[in-house]
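Pasting the structures in now, so scroll down.
Both of the next two complexes hold chain A, though its partner changes from chain B to chain C.
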Partner chain A sequence: MTRTLRALPTLLKIGIAEAIAYRAEMLVWVLSTTMPFVMWVMWSAVAQVSPVVGQSGRAYGSAAFSAYFLCTFMVRQIVASWASWEMNFEVRQGTLAMRLLRPIHPVISYAMGHLAALPLRFAVATPVAVALVLTAAAELPHDPRIWALWVPCMVGAWLVAFFSNIAVGTLCFFMESSLKVMEVWLACLMVFSGYLIPLDLFPPALRVVAELLPFRYQIGLPVEVMTGRYAFAEAARLVAIQWAWAAGLIVLSFALWRTGVKRFQAYGG
Partner chain B sequence: MISVRGLKKHYRVHKRAPGLRAAVKSLFKREYTTVPAVDGIDFEIKPGERVGFLGPNGAGKTTTLKVLSGLLYPSEGEVRVDGHLPQKREVAFLSKIMLVMGQKQQLLWDLPPADTFELNRAIYDVPRDEMKKRLGNLVELLAIGDVIQKPTRQLSLGERMKCELAAALVHGPKVLFLDEPTIGLDVSMQVVMREFIRTYNEQFGATLILTSHYMDDVAALCPRVIVIDKGRLSYDGGLAELVQRVRPEKRVAFRLSAAVPLAQLEALGKVVRHDAAEAVLQVPMDQVNTVVGKALASLPVKDLTVENPPLEEVMSELFSRSRADAAGKGRAA
Partner chain C sequence: MGRYLTLLTLQLRTSALLAAQYRWDFLIDGCISLVWAATAIAPLLIVYAGRSSQAIPGWSMNEALVVTGWFILLQAILDGAINPGLAAVVDHIRKGTLDFVLLKPADAQFLVSTSRFQLWRIVSVGTGVAVFAVAFHRLGRWPSLLGVAQALLLLCVATMVLYSMWILIVSTAFYVVKVDNLTYMFSSIFDAARWPSSVFRGLLKLVFTFVIPLALMTTYPAEALLGRLEPVTLLYALLASAGFATASRTVWLLSLRRYSSAGG
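Moving on to the complex of A and B:
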């Protein structure tokens, strides 16, 4: 374990070098997450016609939608995960073999690759954060405890996103390809995470379903915490549930990995 | 160092006929067959040995290497490498071995090989001073000083393979599995790679298992060969003994000062090649002296050499005999 910890800075350094090797491509990829902007424009137009009131009784005007979707863009940038696609590709091509030969768990090397992309993603998120403060500061919480809680909430969101990708990715050991499963997962993420519509605007029955699923803990919860949707105690309760999901997904991912890797056939070569 | 007992590796493979109908049918009912890639093999390899795995395509050589390196779980049997069960993939085991696959790469495609070396240094926890010394040695032996700073994608195949080998060795593995390490390389680069592999084995006493379709690789590097065919071990011993067993004959090549009629050559042995200036005969091992004596007495010989038949031919004959045996058994059944 200490050996792995010693290797992490180098893994991160090399990962960053890899992430920025194709500068233009990386930037285009990062900027391709435009859906929150589309939804921002759409919901702002709706709010101008008539005020939108959520289940909580909160009224959403243009400024509230601005804050919500700018935060959604930032959260999505930071918690983005592509591990499932990487795993499917590497298992089908047999190139996972090169990761398996190294004395470091492949899940850790995938995680380092994701963390290495963060500096560039933060760089893209920063101007959006500035725009958020300039245009919708009134929508943001003023309780410093909420902002202190936002940090573990973002870490929890990253863990939920990354390990749900790993869990779905490991299914390719059992079913040849799990990309279609990932597409279904993504479709659910779009609907139930609050990525396209704030969960507060969901019909009550659908909202109950959304609250029982892990998707909201990946995007919706950090955005709601950032936009002052909850008092500290409620936010802390939800972050605790989020971390429970993260822990469950970590356990599930490693259990699936342990069983699945025995079925790896190392095609090619 | 390596002990393999009753190793079996069977794959379950989805099988279906071509066409849309079969594709739709397979959606509801899948048919699987079990392919015995390795079907019960045993061998032992001592520390520092260089062993060549030979066999036709699909014989089970690469599967065996993958089991030995911990990539595949054996279906049956026990494999130990320096006391470790490879499939457990313990850190101590992975730090001692490396598998180099000519058709797979570990070099980071968009970064210079120097970055992969640094990554491996960190992962294998090699002290920086030791790394500097070791890498200096590898760079010198492989003559890659001027390429390790270029992005991997811009290197030629030969440069890339040399860097692959360097990347595989920065942690000083005690056991090296080489699967077609010279594939696609030109003849001079193959020689460089062979020399390097031999030097590494001699300097560090590393155990080496090699598979290659280039028989020159095996002949140059491996005093011992293990022949695997259809997942079974069909020979384990010296390369020279194998050649003798399969082709107990020698090739006698003559350079001639004048043309000789074919009939005159046929009286001495089986004619392999014949033109005005040269003739090659294949003769049984125990008749070489007699044939040479007769040839020198009756032919206008300028020069003469006695050699083994080419290894490619020997192997080709061995594998075609094995296929013929299998076909015979199939018909009998």
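Moving on to the complex of A and C:
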């Protein structure tokens, strides 16, 4: 345990050096997340005709939509996870063997790789945050407690995103490749997380489904907290559920990893 | 010309053999295609749920559905016929294996473009056509023969433009080497084509009409099927595709000169 902790700063340093070396690739990834802007354009065109009234009775005008989708873009940058692609690639190429040789749990080393990308991703999110404050400050909550809660909410969102990726990734130990599973997961994420459509605008039946699934805790919840959709008590309750999901996914990931890695044969390599 | 036709048949046969080998992919790709179609349609359903017929200016729900149908159809062409071959080019350039393509006694652009097809993506073409059928059934009328002819012509034009834009993007790989994810970037630009172009205003409208002609790819064909496309637009679309094709061919040939292989 202490050995792992001592290795963390070095791992982070390597990760950051890698992220800087491949900055062009990273920039392309960032430019690929245009979806929030695409949705924003459509929803504002709709809102210009007449404001859209959500389930909660609160109306979404153009300003509310710009706040929502700018926040979605930022949250998406920070909670991005690509662990399942990394795992599938390494299992197929056999290079996972290299990770297994290191005296540190591979899941931790994947996590460090992700965390190391955060400084660059924050740098991308910052101008969007400035734009948000300049254009839609009125839509943001003024209660400092909400902003204090937003930090654990972001951490929880990152945990849900990362460990759901690991969980789907470990499935490639049991089947040849879990990339198609990930694609289905991704499509569900888009619909049920509030990435395309604010959850508040869902028809009641679908909304119930969305609230039972883990997806909304990855993107929708932090965005809703940022745009002041909830009072403090309600937000705290939802963050608690989010952390319960995160804990469940962590346990599941490590359990799947432990049974799955025994089947790993390092073919290819 | 005949030689290239033979080559194309050969390349297609290889892809068909590959597709036949992974028969289960047919089922899985079919399911995934349905899920992605659902993500394209869900926002429309919610936008129009319980609202007046025109949430998006100038487009009723069913008319907007026709645009979505084109989006699904073109995405199938993009993922099935255009992406796979050209994504391989980026890899060839990085590893230096483009040498082997260049050595062959046929046009390199032709060889890389036809090198691989994802034939199971045909399922998505079916999904797109099904969306058309539902939309027109709910509209209570069917497209005219002229409309269908115009739409088919625009389909060719749109494919040409998509392909040319892909060639332009791939050409940048000759300059900036490590960019395997360009595929995703292009698909994400194409994502904006899922709405009728009237949602875009101001600068974006200009960009998506003239610079990256997304309107030409989904909105115009939909208008053609709905029988309200102006003939002038068709002429503009033909000119645009010719322009894009020439530009992409020129850029490809220029970029190819920069290729210097890589340490074997």
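One rule holds for everything that comes next: the second predicted complex is superposed on the first by the 268 of 269 C-alpha atoms of A that agree within 3 Å, B and C clash if a C-alpha of one lies under 4 Å from a C-alpha of the other, contacts with A are read in each partner's own complex, and residues count from 1 in each chain.
Please note the rule applied: a contact is a pair of C-beta atoms (placed from the backbone, for glycine too) under 8 Å apart; a residue touches a chain by one contact, two chains touch by 3 or more.
Keep in mind it's a predicted model, so treat the numbers as computed, not measured.
Residue contacts after overlaying the shared chain place A:Met190 against chain C, while chain B stays out of touching range. Once the two complexes are laid over each other on the shared chain, residue contacts for A:Val209 go to neither chain B nor chain C. Residue contacts after overlaying the shared chain place A:Ala244 against neither chain B nor chain C. In the superposition on chain A, contact is made by A:Trp29 with chain C only, not with chain B.
Of the two partner chains, neither chain B nor chain C is touched by A:Ala123.
By the touch criterion defined above, A:Val151 reaches neither chain B nor chain C.
Of the two partner chains, chain C is the only one touched by A:Val38; chain B is not.
Contact with chain C, but none with chain B, is seen for A:Val46 once the two complexes are overlaid on the shared chain. Residues 22 of chain A contact both chain B in one complex and chain C in the other. On chain C, the positions that touch chain A within their shared complex are 28, 31-32, 35-36, 38-39, 42-43, 46-47, 49, 51-52, 54-57, 176, 178-182, 184-185, 187-189, 191-192, 194-195, 198-201, 204.
Residues of chain B touching chain A in their complex: 11, 62, 66, 69-73, 87, 89, 91, 94-95, 97-99, 101-106, 108, 110-111, 115, 118-125, 151, 179-180.
Interface residues of chain A facing chain C in the complex, by the touch rule stated above, are 22, 24-25, 28-29, 31-35, 38-39, 41-43, 45-46, 49-50, 52, 180, 183-184, 187-188, 190-191, 196-197, 201-203.
Only residues 3, 6-7, 9-11, 14, 17-18, 21-22, 94-95, 97-98, 100-104, 262, 264-266, 268-269 of chain A touch chain B when the two sit together in their complex.
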